[in-house]
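What follows is chain A paired twice: with chain B in the first complex and chain C in the second.
And now, the complex of A and B:
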């Protein structure tokens, strides 16, 4: 029994020795996550688990545990990061509840010699790394896609995310930039859907009576089918709804496409970005130098790969891609 | 004769309906008459969900100071997730799925009772900690859940009866039943009596513990019912679907003119307040105000309505 365990770990070490140099084999990485109550976060945690488990098994790092706070609150996450400092983690990967309110704790971690990598919900503290997709670009791309579909332009309904978050501001700014470039489009109404189908459905149904004919809906992901339901129940024709890669959104697209050849554009930040943040942390611990701001591509699902993506995405999940150590190295090399 | 003498301004439910009507009027004014009926239909359909959870929360709050159920959002999510999985998208399994969801409600209510009565925890802490457990159960059970509801359930939840959304009809019937129960049954009168003075109620022979327990179970069952209808209405169960029903359930009770100190329930007020909450947000959205300004106005208007409605003369 003992011998066998020894033998396996020896083999694992030998495998790991090649690419990883095993310089980080004794390092411990923690994930500080502020919320787990939606499909994106669940998929993110599963990605982390999968990649981290593999990395530990291969001896690349000693430990990579995920910690999630119970309430989506800044104070709780700040305390959580303080605990991680005391527990002596070598790196903390964080999906932050606030871009600024955790800066004190993040600074304390940096001062203790801990590598801090933020992703998705990033922190502004200069000592931390930020792994993020270009949300402004994501907003611009929506309008650019619509310009190809509706060259004459038209009325847009904008569904925004959670008021006050940096992601909501960035996507919104990108959409406005896109409209500046394509002034034939006009936002006739904007509501907050909080990236939640039920909230989006109610908000859209509430403004629908006041709206003229809507040609397209620009969104932030997680709100597409809610908007579609609101239009269906009100008996209005379905506009072009930009989607955000949720399984229910993609399934709805497929169903609509089969029924009437519906076409749209679907893109969002892949939950697997957590794994890129993990590899960046590992590479920094390994002594590699990275820029503080790292831009990852967002994940687009096109009509052509709809079937493959749907088959790979579990019901209730989000289309996903996981990153490898090589991806992080590529970003470092391109610096 | 003044206006206030003509209108039932002293009725606690009056102000929530007046506010709802005013919000609707503003909306219609803004729409210049267009879509006024559409706005009414939409508000009925969405207010129904607030009403269902609001009725449960009202019963709990009526039990007296300290009584509140914070596990409503988690119960909504769990019941919806369980129902969708049991139904598995098949019309034939709908009754089974509804039963399973209501079963979840009963289980959650009983669990809350264990924490509150056996472990002697304050309800606010007991139901909050229960909600973490329930939400976790929903997350672990909900992985790989069948998101789409069966077609028949979806058709039912979004159907209209003579132009009135069916879920609103259900919520009106439920409200009527709760109203009758409160006014005409031993259980209902006991809830009010316990809320007014538990000791006096006990001395009068009311089984205080049993009444409280039954009420927490009732509240959880209403939340479960809301979960199933909501999943049918919005095309599936999701882990965050219950989130916004925590504050909404408490807000409709307070705006509706129920006493936060307990002992005084008000069924029509729940409907008025639910319509008002939906119409208020729709009105501000339609006016195209920014998110920050909208939230500030929402807060201010709610404060104004509660101040007006709280016109009960000071006692002692």
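And now, the complex of A and C:
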């Protein structure tokens, strides 16, 4: 009797002693990624690699491999996810090529008892989790920041992202909401910069001659220095340009600040959001319950920490933050 | 006596050899597919269940249909570079009009097939190179799809979803579908007299015209069939993915050409093999799975897929050279 009780408590102790090794030590997680051709995605894959390797070394999960499709094609990613189902992964983390066209494969994965967590490029299939930043909020915040800098308002130039993507629509909607609240601002022109400096520069240079004085530029990230370059070449005064945490943008800010005390606002989604998706998948496998839609904070770089962030960001990279298991647990507790 | 006997023995010998080489050539796609399947089952036994086969092959059904569409165009010595965009447009129509107002959807899909027949007529009458016309049309199809569905979305009609999720009792659905498609096209194109005439236009169009057959009608028939199978491919793809995206099938253009060639079709001469093309399309669809299961880095996968293609074609060239 006594012995049995002892044995039971010993087992209970063992379970209590190793929460990190808990129930996911034999679980395997796969990352399905559709594209690796820009700095944001490269930084994202590096973050995943770092956090996943650490988690495997600590015995939290058995495996966490990243797979990138050879071509950015929806059908290829759908096949990739179906192969992952066959390979017996317990959870699949997805940066999706399309919010809708993978739904069939995602549903098949859910039906096979696999946890699916999408992030950045999310999927609309209800059985999957979505880890996303509030892009509308990001758009609103830009106008709110401008309202503190230019209380009297002024003319805005809007640089939009890749036409047709949900991210572009959301940031744009947020900016419009901000302007509704601060009607002293007026968008006098909008161009598509595709989140790429060279495209943004060409687009801005194209409309610049026809524009009145521009007080500020609202952007989506990856387009700030392109816009600045277009203004410089045209010989027009540099407006307040909202930035998106790219290394070249932050470096440009620092240089401008040193020359004339330039101030602005810089924020975007951190590529490390992949690691938050990883921890959410691990926690769900551990039996924790999460809401299907998880909103992560976006990363803001302020003047105060410009130097430290810039030092930590590689040329051609994006300012980044990696998440820990505790961050995922915090989100779960906040639910 | 011997002088008389010799040539006939030679003829007999070469006829036998020709037969076996033809058999070899026809067997090549099947052998490739079986080798690939064997490798997959060996590395990943989980794939050897009806569930596994379904998962690995369900995305192959639209590829098989697109390959058939390409085969029809190839039969009359043309090449279709717009099939990927066209399949995407069909999927977009299916996810929007066909779902909300079925009548309009059916009319639009029928119009697409007619447009394909018209394209065939244009290429034939104006003697335009099909590659240029279809390359241009690929942008038209993609543009129409983007206009119809600017952001990814829409929903597949319920009947389409349940059709693609259909689980027949003995055979996995993708295999059953492939067999039905292969038999249908094989009988239609290889076993009927009009099928022989259509292929004849690929082999020797002048002779066919002299015997009084309309080459315009033949070309339009083949393009209309290509359109029909393109539409079917789009609907099958939509049924699996449950919603559409204008860019959903851009890869199918090259996959369909590669599938047909892998299956023993030739770019010229009306020399096609529907059964082989179905096997070729299945092989291409499975090659990705095999490479993933072998844990070959995705960076190398495209290259590896290309290497498989070249290896099979080299093998075929080897067999054909022996023929001469």
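Here, the second predicted complex is superposed on the first by the 315 of 335 C-alpha atoms of A that agree within 3 Å, B and C clash if a C-alpha of one lies under 4 Å from a C-alpha of the other, contacts with A are read in each partner's own complex, and residues count from 1 in each chain.
By our rule, a residue touches a chain if its C-beta (ideal position, glycine included) is under 8 Å from a C-beta of that chain, and two chains touch if they have at least 3 such contacts.
Since the model is a prediction, treat every value here as computed from it, not as a measurement.
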item	value
Which superposed partner A:86 touches (first chain B, second chain C, both, neither)	second
Touching partner for A:213 - first (chain B), second (chain C), both, neither	neither
First (chain B), second (chain C), both or neither touched by A:70	both
Partner chain(s) touched by A:102 [first = chain B, second = chain C, both, neither]	second
First (chain B), second (chain C), both or neither touched by A:202	first
Most chain A residues touched (candidates chain B, chain C)	B
Which of chain B and chain C A:57 touches, first, second, both or neither	neither
Those residues of chain A which chain B touches in one complex and chain C touches in the other	70, 164
Chain B residues touching chain A - in the complex, by the definition given at the top	27, 30-31, 34-36, 38-39, 42-43, 45-46, 132, 135, 139, 142-148, 158, 230, 233-241, 243-244, 278-279, 281-282, 285-286, 288, 291-292, 295
Sites on chain A touched by chain C in the complex	67-71, 73-76, 78-80, 82-83, 85-88, 98-105, 107-108, 124, 164-166, 169
Residue ranges of chain C touching chain A (in the complex, touch as defined)	44, 46-47, 52, 55-56, 58-59, 146, 150-154, 237, 240-245, 247-252, 285, 288-289, 292-293, 298-299, 301-302
Complex contacts: residues of chain A adjacent to chain B	36-39, 42, 70, 160, 163-164, 189-192, 194, 196-199, 201-203, 205-210, 225-226, 228-229, 232-234, 247-248, 251-252, 314-317
